[in-house]
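Beneath this line is the structure, given in structure tokens, with notes to follow.
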Amino acid sequence: MAATPSLLVISAHAGDFVWRAGGAIAAAVLRGERATVVCLSFGERGESASQWLAGKSLDEIKALRRAEAEAAAAALGADIEFLDLGDYPLRESPEAVARLVDVYRRTQPTVVLTHTLTDPYNGDHPAAARMALQARVLAQAIGVAGADGSFPTTDEIIGAPPVFFFEPHQGEQCDFRPNVLLDITDAFPHKRAAMECLPAQKHMWSYYTDLAVRRGVQVRRNAGPNLGLPHETMGEAYVRYYPQVTGVLE
Amino acid sequence: MAATPSLLVISAHAGDFVWRAGGAIAAAVLRGERATVVCLSFGERGESASQWLAGKSLDEIKALRRAEAEAAAAALGADIEFLDLGDYPLRESPEAVARLVDVYRRTQPTVVLTHTLTDPYNGDHPAAARMALQARVLAQAIGVAGADGSFPTTDEIIGAPPVFFFEPHQGEQCDFRPNVLLDITDAFPHKRAAMECLPAQKHMWSYYTDLAVRRGVQVRRNAGPNLGLPHETMGEAYVRYYPQVTGVLE
Amino acid sequence: MAATPSLLVISAHAGDFVWRAGGAIAAAVLRGERATVVCLSFGERGESASQWLAGKSLDEIKALRRAEAEAAAAALGADIEFLDLGDYPLRESPEAVARLVDVYRRTQPTVVLTHTLTDPYNGDHPAAARMALQARVLAQAIGVAGADGSFPTTDEIIGAPPVFFFEPHQGEQCDFRPNVLLDITDAFPHKRAAMECLPAQKHMWSYYTDLAVRRGVQVRRNAGPNLGLPHETMGEAYVRYYPQVTGVLE
Amino acid sequence: MAATPSLLVISAHAGDFVWRAGGAIAAAVLRGERATVVCLSFGERGESASQWLAGKSLDEIKALRRAEAEAAAAALGADIEFLDLGDYPLRESPEAVARLVDVYRRTQPTVVLTHTLTDPYNGDHPAAARMALQARVLAQAIGVAGADGSFPTTDEIIGAPPVFFFEPHQGEQCDFRPNVLLDITDAFPHKRAAMECLPAQKHMWSYYTDLAVRRGVQVRRNAGPNLGLPHETMGEAYVRYYPQVTGVLE
Amino acid sequence: MAATPSLLVISAHAGDFVWRAGGAIAAAVLRGERATVVCLSFGERGESASQWLAGKSLDEIKALRRAEAEAAAAALGADIEFLDLGDYPLRESPEAVARLVDVYRRTQPTVVLTHTLTDPYNGDHPAAARMALQARVLAQAIGVAGADGSFPTTDEIIGAPPVFFFEPHQGEQCDFRPNVLLDITDAFPHKRAAMECLPAQKHMWSYYTDLAVRRGVQVRRNAGPNLGLPHETMGEAYVRYYPQVTGVLE
Amino acid sequence: MAATPSLLVISAHAGDFVWRAGGAIAAAVLRGERATVVCLSFGERGESASQWLAGKSLDEIKALRRAEAEAAAAALGADIEFLDLGDYPLRESPEAVARLVDVYRRTQPTVVLTHTLTDPYNGDHPAAARMALQARVLAQAIGVAGADGSFPTTDEIIGAPPVFFFEPHQGEQCDFRPNVLLDITDAFPHKRAAMECLPAQKHMWSYYTDLAVRRGVQVRRNAGPNLGLPHETMGEAYVRYYPQVTGVLE
């Protein structure tokens, strides 16, 4: 459709967007689209056990994780910003949502990626998803002011971009039943490069490479065996939240 | 992808494909694709009350409904065939499924449309869907023979075409939660012409025109208010059964 | 509404209607309505362990269970008939459904009671429900003949009576989430009398009396503490399958 | 039952009760019952785009929407009050719930209508429903004080009135599967008059008239074709949240 | 596995743990394990109607319920503590969760029991469950400080203990579909003794004794008729929230 | 409990039990229990594409797959038998169920493993599960005769063994949400040896080895990080169908 493609990724912690949506981000950038990542926290408490064990301070840990996330975003070709809301728990508030409303209006996303609404293993993920979804609706209303109270400005409201939930750990326990399988074969080298910007989680590099292979097998199986997709097809899985709008069934 | 587009519509009764999928069929034909409709029955017992009241015989009713369905298919630009399995109830059997396997292999569909798997108001619809889905899987296996026992022929097996369920009456009671909204604006005049080939159900013409308007409103709402879709957008709703395979999130 | 009240109860085995719907049946009869019970089998194989252990023959067991069910129906004030389709497993067939179509047209039910569609402990129950629901739809169509092929007769087709599923054993495993709580206080003595017609299952008398007490507590709780329902309120629980049609929200 | 009928409608924004429950409200008033509408906000930010575009101030918009809502309530014969909690987002708080507890105890509702608990298109609706449901439970407890701290007064606690969710936009995406179809034929002229008190949403008049027609068709279909309901039956759809308490299955 | 068994029960109100988990608690104590009960509130507003009617003050009611709960815990052999967060409504907050994190780290539970996540009759129960689950995840992270800000201490983080939801009132309305049936035959006398420490709810003694009998019947039925479980088997039902980890399918 | 452990695995095709339940089978055998595999078909049509392409006849393919399955069963230490019901489609019939009733009574299983009830990619799997579940219930009834009509024999009826569904391909599309994670570390070498008896599917060897590693990670995560399970823990995932009966929550 007419809007300029713009991808917005709302991530609870600093690393989530790399593992879970790195392929979609790199693919969008490869197509010449803009991609923006918003990290609601750095994951400084819940996902930095080794740094705490090494005696790092809170500020050191946040700085470290920020630097890693910036490097990974650069490897994917995406812009990145940090709201620094704190994690474990990530606290929901109208003020945080208002800041996200500003992000939506500034970036005018045509596609939004975020976490699933259910995750028994990490409450920050659903909290991020709830705020991302609430802000998306508020940003559509001309009567809703910006976070600084500026009010109202017609040219800033957004349309109704589709939202996709990316894949959680232990997805079966998170009601994650993917209805979109994304072919990320061409984008995968960039995703791999971004993963390698996160050296503390080196064991995840092969985990997420293997996952991309398995999702690639499903891309091929659901497309049919005789359609000529190569054996090395790589994939990512998503749940589309709103109905798809299309001119063609395919 | 590489396969030549071919649309296969499996309909329990002679009229279902017109009301529920006429837009998708006409749109495919307008794009130059092939469309094939298979009617498992004529709807001679369950959907022909006025003819029974008028004293028509079973054979007369079947002939009448066949002629109407052929005219409607012609208006849409689709091929049509009839398996004449009987309705109310539509009886499932391995033999009927085998005939559908032959249809799949002959038409090599890239998209399949059929009924929902749940319908408390009409058991023939889920029965049709079960047979359509079973035949789709069997048709992929080289070891499965044709209905006449011919066996096995490599070049006939099919890929894994996506399946879409079309909209039932009283969809809320049928677990129909659409995840695809199809823009049928350009195709709608053809759908209307096909509906007018079914004069006995004249009250349905306006019902399904109104439904297309309402689904068109949802097309626009889910695409966002500022994307320039015209007010007269017409739509049809579908449930995609298998995950979507795509190279782009959009 | 205008139709004469007529209750139809479709029961997989000879005793089910007593334990599960005896209160509803007796209440209808007390209001002067007609009630008809159809037992699809006698429960001769799956629910007659003590008779088999006592060395009874199949015919003896069937006769015994028929006699007990007739006595229980009499205690409730209901008509009863037996299709003798066999149990464990109860086999579904178009012929059995056609016989049920005849029952529907003959009794013109305004309310239908049957089993739940899910029961991991007894496959005969869902089979009975599937046949009861299919026959209800077929009986509405003028084009569907009777079981003897007689065809078609305008004055026999039925309306669309509401269907209620009665309470299974271990309801939580059967997706039984009741949305109707029936006050059977006045009818309970008749239900108790009917239960006492089934001496082989004497331990069930107190089980189902206790259940009626507990369901009665829920009747009172869901109606509110201050509405004056007596402490000895007795109840039965049901799931309404189709939406309720009403002129008043209450 | 013994309580005097009293209908309480809890609406997130000023107009919701008209479109979604106007028939039920007018029908209750026609039966001589009391009806009270509580608007939690005016919908001043999220549902007043045209006023913002026309350069109106926040206070002007709130005054305008209050006046329209009052006129609509008068056309239905209902009392109306406004909590002015703000919208987009409607903020949940124990203080707002306490004010609703007071409303419950003052109006002693025998029936409650509110929004669905799920709505991906508008977070204010589920927020209203959550507060309505929480207040309903608190209002039953003698130990819970009023919003002003007054404490405790035996004669004020309420029973357990049934709750019905009214129909959202795009109900399929809101898990709206109606289990009650309300015949509003006689009340519809009053609903239409109330709708016409909201001139800014003139395009909704025909939308909701058409919806009433379609729900009326479902009223007739689920009641059966031969029960003599007129062709012009009008309807509204609801989801009953708690089990129905009844003395008769019908 | 290697950890010392420690049972943690998180209860919204002072009495919940007795009725719903008394058997599991006593059974753990009989096996020589430690059991700790945390009452988030005393149930002073929502579950003390008779004391309010008798003119007791808030402090008197809280003291009374504390004494009863302590006696019941002693009868079961469990430790007990009270967070006094207030009830009706039980307010969720990060501070309350932080206090629970401390409890988790102090008691190092190997099994956790709490309420279901859904309860249309009492919002305090899901609120307690949400806090119990959130604290369980936070307590696993070395970067999460204690409630007093003490930070970080390696030896305090916990593992991932299984969580079981205990049985609510009107469980069918609470999505309570038990997947664990616990044999509490030997523990039942202790549960009964604990119930008798709550004289104000004397009518519950027989209710929960009967429930234990019925759950005991289900223990026997699901174990099979020929396994030699005695007729007087008593049971409690639970929902396991996370997947079971086991070395043996049984 | 008192019964001698006996594991029964009901598999639609000849290879399913190896990939999906090989670990559970080998673990049972290592504990000294008996394990019996029943293959309902050889998978001769649906899962033997390479043999068909190589020009093998139906009988040759069946013989080949039988030999492979026998070798794999031997590697696991299990007995194996074949009902040869045909595949693609696997046809359900009362006669086939009666043969399974005989198997149940002969093997007296204390644990049953079979396919999931939903599988959009392979209809034979749910068909096998339906027959396995139906036979399990029938085998408990003394009134149900054997497949040869022998009737009735008290000592043959079975108890109510728990049933576990094993993991399908693309489990997310099959409603497979595992609630049991089985530690198969010690049994894995035997599973690997059994897999290597199926040389035509060599690419599956590494796929299922990797899956066992991933399920092993989940075993460790759900047991908690500090419980000392080794890094090389291997796992299989299951869905328990009936509630677990236990004396200890753990």
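Of note:
Letters are used for the chains, namely A, B, C, D, E and F, taken in the order the chains are written, and counting of residues starts over at 1 for each.
Note that in this section contacts are C-beta pairs under 8 Å (C-beta built on N, C-alpha and C of every residue); 3 or more make two chains touch, one makes a residue touch a chain.
This structure is a prediction, so every number in the text was calculated from the model and none was measured.
Path length between chain B and chain F in the touching-chain graph (shortest route): 1. Looking at the partners of chain A and chain D together, the chains they share are B, E.
By residue number, over half of the touching pairs seen at B-F are also found at A-D, the match among A-D, B-D or C-E.
Note: centroid distance chain A to chain C, computed from Cα atoms, is 53 Å. Centroids of chain C and chain D (each the mean of its C-alpha atoms) stand 37 Å apart. Among the residues of chain C, those in touch with two or more other chains are 121, 173, 178, 218, 221, 242-243. The chain pairs satisfying the stated touch condition come to A-B, A-D, A-E, A-F, B-C, B-D, B-F, C-D, C-E, C-F, D-E, E-F.
Residues 94, 97, 133-134, 137-138, 141-144, 152, 154, 241-243 of chain C are the ones that touch chain B when the two sit in their complex. Against chain A, in their complex, chain D makes its touches with residues 44-46, 48-49, 52-53, 61, 88-89, 91, 120-123, 173. For chain D in complex with chain C, the residues that touch the partner chain are 1-3, 7, 24, 27-28, 31, 110-111, 113, 140, 157-162, 164, 178-183, 218-219, 221-229, 237-238, 240, 242-250. Of all the residues in chain E, the ones that touch chain C in their complex are 121, 170-173, 176-178, 210, 218, 221.
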